[in-house]
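A, B, C, D and E label the chains in the order they appear, each numbered from 1.
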């Protein structure tokens, strides 16, 4: 599958229908998940209605990390097998991941104000999530600061791989530090500790975020490939 | 290896004292800015030693490889018999000897000036030494990745600071006397990981920088 | 005889269909040439034609847009060549001797090597910081890299820049001696250096 | 004059963002190092904004004239029709616009992050702006005097930091909300004095640096 | 006629008993010469002889150990001269056009001046950052300083360094034209530039 798509020509063919498909899927999942989460799911017995922030916060947090892991994989492929499409994929995913991280931070701090009584604390998880957000920004800034695209791709890939180390830190920060933020209750060894009635909307929203990521990334990649084709044509023109 | 390291030490030694002056100046300014309240200094001071150290390293990073790139000595390094990773590691170790070690030692008077308890000075110096190694390992990558870039300075800060966070958190814990043993262990881990992986990533980046 | 020409039997440098672009503009396309042991290849071309870019591509610093560069008989081409670019690669506050010892370590000088300041006309300057050298003296110091450790291929970018007449002659002699030993020299020049080139390539259209 | 100033602005604009990243990074590290204790941050934080700002300026000074000296553009400046004092002043003003002003503005979020009361943000930004002018005026002299020197970095710190003390003391008073009026007046005085005298001394030093 | 030779009637440069030392070593002693309007003085000498030092002393950057330098008819000699040193005085991340406008402000370009990139063979490069210029292109850009604002005395340190044949010819033409207008040119060179010098000074012993 991957090696099949590694050809830009075939990728363009595939993404021509896959990108809109993901977009439609995201739309449908949001259309189902948002009302479910906001109106038809139970309020928490402790937190009341504010718990509904969770349905945005948690998927955003998951996919902020997930997108970074995806970029890590793509960067590795780009570095080792010199694959242009992998470089483009990593670059295309980054803004989406940055936005997810930003959404996680904003919803988290909106949620923190009523429940913890503070917008922001320098606790382990919050800090490492902020670090992830900054790493995203640094990655994007590096990419745009280097003029030569191929060089930019390699340098950014190196940075991305180095930044992977932050993911386990975010994941386990709640266990390593004694903190405000609650420890994992869904994805943990020994089964989920969350009420099943919350699980449905949460997973739907997680699916919606994933589909959104897929759609945006594919569209970004297509745009990048079109731009490169135009530039390559100009270069050929200048040489002749 | 040691031979080359010593060479690199002299080589990279252009601005050895600068970060030291920077560091001592910074810690000198703290009491001025905070006023002479002892209690405040006592709790805020020791962590500030860490911040000053991190900033002193940060300030040296921008020119670390950029100078080599501009004056053509990076090209020569690429033609060397020794693997580039080893040369970068040597540069990192030289930087640690030239900047990290003096800063860690200067941490003693600085910590005293900032009212850290005297019996804690020993661990503070050790932890600073470890932390500097971690900063430098990460800093090598930031410096290498941004070497040819127009606005290198901000980029380095942006890239490197998220990675500076863990050593600072645990280092300040040591300085504040909390969970010293565990924090020292984590700092050692950070330092080793940074010095092991940093040069590899930095060398890969430098290879791309010669244009 | 074979001691006098240590590089003689190995084949040398081959360039095939090379094409180089800088900043989105193609400098030249489909350049091919080969140089065997003992050859001196002269690169000519107007300012901005691409001589420096070609030399940097040969040294492996610059990725060509297309084409192949082969160093026959060498697994690791970077270890088989010396590169003298437009910049001298000197640190202003470091002495001449320290530079040379550093290079000796970097390039792997053979045991018993000697600081070759005499041969480039810098006798007695070993303790001078390089920022106190004149332009021509700094260039001469950079040229000592060629002498510290023997390498087969020399890529020289205007090696005689800033040198006086004696200096130009010295560079010519170095090149002639190296070719005689079976080395390969590729040098970009604006004016002939002395030894007759075995081929002259004109870079750019 | 304005014409030349704008030119100098573009000219000196190489590393505009670097100090900003440095400053924001520094203020981000503070809470990491001090731990999340709110009370401590509240009293220690605002003065730290000043220290971070001073260090950010200090970090830009080393290369301020050294780059001009190395690349030969200082020579051209000496042949200018305009008096060197005016050119140095223009460079100082450009530095203030490019570094000082952004830093002063960045002082607002930084002060908030360090738990300064929101109603005090206005004066903090104004006082930072004045303080930056004072730092820059003094910094020009330090940078000019050490431009050709081997170990410029420490020297600048040594020369410049004693003069940074008064603005920091009064600026921190503003940040802490003590005697704001008087402190602002003194800061204005410092800024004017530094900008008036600094360029004269710096120009005199620079004339000697071209060898 | 006087419009064509604006500098003609003023007298020019006189050097008397000049002696220069660098790093505790005397380079030359008791040098005297004078150049009047329209003269082209060529400085020759081996690497390290002191050509650059002499030019820097003339420009006022370096204090001589002894002797006098007079620019007759000029109160403020620094305002009457252009200096092109070994370094080009370029900022890597600034465009060619921005450099030239900066110099125009610095040296006081006359109203109606034009960006002289065409005349140095850099047409179409005005938006290029100087770090993307080749060595010779950068040198050409530095030479535009001579054309942005007219000044009587030109002190040139190897002005044709890194230039191709066309570039050398261009420098020769610039010098010839300037002398014809009554300017004075003092140029350190290792090889003749084209126009016949009115005097040749050999620096150093």
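Definition applied: contacts are C-beta pairs under 8 Å (C-beta built on N, C-alpha and C of every residue); 3 or more make two chains touch, one makes a residue touch a chain.
Just so we're clear, the structure is a prediction, and the values are computed from it rather than from any experiment.
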{"item": "Required minimum of steps from chain A to chain E, each step between chains that touch", "value": "2"}
{"item": "Furthest chain, CA centroid comparison against chain D", "value": "C"}
{"item": "Farthest chain relative to chain B (centres taken as mean CA coordinates)", "value": "E"}
{"item": "Most contacted chain pair (by C-beta pair count)", "value": "B-D"}
{"item": "Distance between chain centroids, defined by C-alpha means - chain D, chain E (Å)", "value": "37"}
{"item": "Euclidean distance of C-alpha centroids - chain B vs chain D, Å", "value": "23"}
{"item": "Centroid spacing, where centroids are CA-atom means, of chain B and chain E in whole angstrom", "value": "45"}
{"item": "Approximate Å spacing (C-alpha centroids) for the pair chain A, chain C", "value": "49"}
{"item": "Junction residues of chain C, two or more chains touched", "value": "23, 86, 93"}
{"item": "Per-residue overlap in chain B, given as positions that touch at least 2 other chains", "value": "14, 70, 150-151, 154-155, 158, 161, 165, 169"}
{"item": "Of all residues in chain A, the ones touching two or more other chains", "value": "127"}
{"item": "Complex contact set, residues of chain A against chain B", "value": "79, 124, 127-128, 130-132, 134-135, 137-138, 141-142, 145-146, 151, 154-155, 158-159, 161-163, 165-166, 169"}
{"item": "Chain B residues touching chain A - in the complex, by the definition given at the top", "value": "138, 141, 145-146, 148-151, 154-155, 158-159, 161-163, 165-166, 169, 193, 197, 201, 204-205, 208-209"}
{"item": "Chain D residues touching chain E - in the complex, by the definition given at the top", "value": "3-4, 7, 10-11, 14, 70-73, 75-82, 210-211"}
{"item": "Residue numbers on chain E that touch chain D, as the complex places them", "value": "56, 59-62, 78-79, 81-83, 85-91, 93-94, 98, 101-103, 105-108, 145"}
{"item": "Residues of chain A that touch chain C when the two form their complex", "value": "147, 150, 231, 234-235, 238-239"}
